[in-house]
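Two complexes follow with subunit A in common, the first pairing it with subunit B and the second with subunit C.
Showing the complex of A and B:
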């Protein structure tokens, strides 16, 4: 295809992505180095005959408005927002490290800072959910591959539901069951014989439920991909291994898993990126008292009466940096594939 | 595979079937439970007294005389005007799917038919864009949208969702078009067609399976979105998912949580039907992405 034809075919989609993905990223970066204008204060001396003269400070509405008109982004503050208490909290970190307290207390203090709290949960979630999703997906795929072909379709249908469901709704549906008033919550209370046990009161339980939700939601995705991979299994190799006396476990370990390995890396890489944006379950589980994620952190700054655009922008930039680190192996893999094809 | 089946020992067979049974319960039971419970009163749905109430609806019987009641649905759809939200959702989904497929097929087709090196870099850029969490972009939309006074309306959200959809759509359609032999449109061009005519008369008739699959995923993205729609739509233009989130804010206090339950079930039903009718396409779409990587 000639350059010119390519250009016209590609123009609509390119402009959509340029305007609404590339520019917003630039806009977020610009926003993150600007803080809202300070109100312009003026001192007015008011004199009354009886009390004498008083100097009052008031906001000069006119000047404040003008300032905003001249520069709608706000005033340039460099990296100040990144270093403030709501983000990287450099001063607080230095203070914590200098203090003579023991390590566990230091650790607690660091993860009480809002940004590190969100990052702590996001990273824990990402790196726990991803391996579990891969393992569970693999097990389901192996099991479904072995059942009678007449019920396979039905099993796949029900398996797809947790993946296709709206994340917020999936989270709510689970939350209503795990809640202390729900059936699973009740069951757990009865099992451990502690009627006061509640998700809302325990950080540990909340983290576990969120992680279970994450696995429940993404396992079908891994399952479907591995299941498709199993359909292309080299039967002669399995046959040969069986003749050589390989056990079922050995067949899976030395033939099936290596055969699926490219798909396993694919699922793992996609899952790392997707789990890093965990957001809806925290809203659905009403979990913000116990667990926050980077996406939730941005959302929280953006919503509400006072939209803190600059703070949200700085968190967004930091999140994008995190995503880029996770993205690096994906890009490397794509580049390798491309080189091999050439 | 059949020879495999016969040789499997019976214990392993039992193990496999019970594992599948447990997985099916984990995957599907929460939906069944919520669906059943949505026809009960709150004290049955959250039955602290006796969990059997949630199944037989004792409190619902006391209150309404039967063990099923539609008051949750009535409250959500009529009193809280959930029908407005559902109309908004379907407007958004319809336009997102149409626009995203139109510009996506053109772009994906071009990527699959060009041999220059820049197509690779364009795909890589699309991959990077695909990795961006949508909420990080939302922070960038706010200020310009407020300045230009286009915040809160449906068209803005539609365009934003189309753009967020593009990277994925491009990757899928690109790999799909690569499977349509190049000779088809090459020969049309030899016969005197322009590239666009070749696309129009030769490729379009052959592309529907891939386009339908991609369209399903665009629909799911638009339908399931919460981050973008909840931030970019004003209260009057809310779609179903942000409306449910807003229910939670008010209903927890009013004690009308059954409205939210009814709304959740109502929102799930279209997805349920979608999987029922398009199971094959969804599976093939997921795997197509994996094979191309």
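Showing the complex of A and C:
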């Protein structure tokens, strides 16, 4: 009986999840194993005002349409797109490992492949921004909790601003500020005493700018959650600790952090997932020459006139796999807890 | 006497009737004679145009919006290549007309989203010249209205200061840039739309054609840029970038022009369509306005072909729309490019292919490009894939992270992957 009640309660959510999550994933996986039909080319006469009339190659749309009618999904290519140079680049990797060059040169060659270059930046971004967001959010929450109630409201307002600004707009504003003729660009030049330094021309500095932007943008989110958690802090434990002579740092480490632990896990999880899909800073900072990410790949393949849909679908599937791997430890623990409760 | 009594005397009524007649005659005649002010552009269904945003296209867009009878909306943006095909693939399509050029037309034909215009040309295209009609396989697929090319734009006063003639080759441009920097006049005298992506790829294509290179093996889609001409092209681009603002990989035409207007650039290879109105905006210092000059495109490596490409811009009509919408779009765009639209102001904006266009001094560069040996931008169906591969892979080389040979290998590998996926290569 209980199962039946549960089923009826769960049905709306299940339908929504099926419609908006399961079916799109199946569709993307299907698209990623199909490629467009082979182009049928014909020679036709083309006349333009600049060159007069010449014979040129163009696509035979009739034949292409016939091919599409027979097989609308395209031709089945299995995992070819996943293994090609724009994705996992299996053949290129095998060649690199087989070659007799030294490790440093092999390392450079691996990171010359577009997918691994994107993964390099995405992983670096995720595993630098997430912990710093948690730590910074905690510090801000502790600080705001301790200040005088008269200015608390004002400080909270200013602390929340970076998160309120639309990510793309914030990135665009910062793009002009870090330009070599902008305020921040000039400040950095003055600090290191090098008038030719340009943040946008150096890959390392661009990565740092993007990571700082990521931390700056997401810290208020962590702050708000931790601040709410701090309000439920048991005051008697803090007092007892203070009487026993614990320093401020010890109070935080032994009482506040364990109390906030579920919230810290929650924020870390959300940040892991969000940062793995980093995209707006790269577009806003025009940084695609220095840093790319999986999401940027998908955007690049989909937009523009080349529209490589199968490549974009394969990148999407790889992103889903990546996020699953990241969240696997948490899912495992949840499953274990569930098993224990039974 | 009260006004009530006055109102109904016979004399008063007669006067009123005469007044009424008089006003109706005047009103009726203005209706008759007032109409030609709008050159009679009547349309019966909606029009939605997508295209680029430089001044000549803005003029065409506003010209189309003069038509009465239905809504004419325009979406003119620098990102038009991201939204045009997606916006025309739906059925019914979102956009009814698209401003295209040699390169965009290829992609539109590949995606099969535009319709033949022969019947519309026969019905409404009397003001068009035969040379304006772009024919593919005997069918009119686009109507061209302007020509464009990149050519030299420079500061005549700076070159006079260093005692040098306007460069005719890229080697001369490098020498002039070195002199300007050594004399301390400007730190980064060269400008170029070298933004990673479409712009950088276009610069490569221009420079490679200047070196006399071929892109593909004849009759196939096999890429043939991995040769000494490709290496020479990359070396020249790197040499030029040494004299540019270090942020050049983030600068498109708009940003490069902003640098010129600010007085930071003395030599650049810029689009004719943008050069025309470069210094006529607000806030440009007087010395930049006075020193602004244009010349034809340059050659490179001792070649005879200009290191530039010829482009035409025109419009096409979407396939997945009703015939009424297609007719309305065609009428409004033909109205926008009618010979009457050439005024003193609009004549400056482009090298119009319209009847009655008289070349202005601003058109000197594009005319020089068209009258000397310049090749049109290639319109083969696999060209967008090469353009995209170049745009993605050149940035590493331009930052000095890899050698020219490695860059050409990467470009070829990226192109091959895309061409295999799209079915151009086995």
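Here is the rule we use: the second predicted complex is superposed on the first by the 285 of 342 C-alpha atoms of A that agree within 3 Å, B and C clash if a C-alpha of one lies under 4 Å from a C-alpha of the other, contacts with A are read in each partner's own complex, and residues count from 1 in each chain.
Here is the rule we use: contacts are C-beta pairs under 8 Å (C-beta built on N, C-alpha and C of every residue); 3 or more make two chains touch, one makes a residue touch a chain.
None of these values were measured; they are calculated from a predicted model.
Novice: Answer with first, second, both or neither: which of subunit B and subunit C does A:35 touch in the superposed model?
Specialist: second
Novice: Just to be sure I read the superposition right, which of the two partners does A:263 touch: subunit B = first, subunit C = second, or both, or neither?
Specialist: A:263: touches subunit B, not subunit C.
Novice: Going by the contact rule stated at the top, is it subunit B or subunit C that touches a larger number of residues on subunit A?
Specialist: B
Novice: I'd like to know which partner A:48 touches here: subunit B for first, subunit C for second, both or neither.
Specialist: The answer is second: A:48 touches subunit C but not subunit B.
Novice: For A:105, using the defined touch cut-off, is the partner it touches subunit B, subunit C, both, or neither? Pick first, second, both or neither.
Specialist: The answer is neither, since A:105 touches no partner chain.
Novice: Quick one: is A:71 in contact with subunit B, with subunit C, with both, or with neither? Answer first, second, both or neither.
Specialist: Neither partner.
Novice: Taking the superposition as given, does A:183 touch the first partner, subunit B, the second, subunit C, both, or neither?
Specialist: Only subunit B is touched by A:183; subunit C is not.
Novice: Look at A:250 in the shared chain and tell me whether it touches subunit B only, subunit C only, both, or neither; answer first, second, both or neither.
Specialist: In the superposition, A:250 contacts neither subunit B nor subunit C.
Novice: Is A:280 touching anything from subunit B or subunit C once the two structures are fitted on A? First, second, both or neither.
Specialist: It touches subunit B, and subunit C stays clear.
Novice: Scan A:24 for contacts with subunit B and subunit C and give back first, second, both or neither.
Specialist: A:24: touches subunit B, not subunit C.
Novice: For subunit A, which residues belong to both interfaces, subunit B and subunit C?
Specialist: The overlap between the subunit B and subunit C interfaces on subunit A comprises residues 179, 286, 303, 307.
Novice: Which residues of subunit C touch subunit A once you look at their complex with the stated criterion?
Specialist: 81-82, 84-86, 102, 104, 107, 109-112, 131-138, 144, 147, 195-198, 219, 245-247, 249-250, 310, 312, 353, 370, 376, 379-382, 384-385, 388, 392, 395-396, 398-399, 401-402, 406, 410, 413-414, 416-418, 420-424, 426
Novice: Which of the residues in subunit A come into contact with subunit C in the complex?
Specialist: Touching subunit C from subunit A are residues 35-39, 41, 44-51, 53, 56-59, 61, 64-65, 75, 81, 84-86, 92, 112, 114, 179-180, 196, 198, 200-201, 203, 286, 288-290, 300, 303-308, 310-311.
Novice: Which residues of subunit B touch subunit A once you look at their complex with the stated criterion?
Specialist: 1, 4-5, 8, 12, 16-17, 19-20, 23-24, 26-28, 30-31, 33-34, 37, 45-48, 51, 54, 102-104, 106-107, 109-111, 113-116, 120, 122-129, 131-144, 147, 159-160, 162-164, 166-167, 169-170, 195-196, 199, 220, 223-224, 226-227, 230-231, 241, 244-245, 248, 260-261, 264, 267-268, 271-272, 274-276, 279, 282-283, 286-287, 290, 293
Novice: Mind listing the subunit A positions that touch subunit B in their complex?
Specialist: 1-3, 5-6, 9-10, 12-14, 16-17, 19-28, 31, 72-73, 139-140, 143-148, 153, 155-162, 164-169, 172-174, 176-177, 179, 181-183, 186-187, 216, 220-221, 224-225, 228-229, 238, 248, 262-263, 266-267, 273, 276-277, 279-280, 283, 286, 294-295, 298-299, 301-303, 307, 309, 312-313, 315-317, 319-320, 323, 326-327, 330-331, 333-335, 337-338
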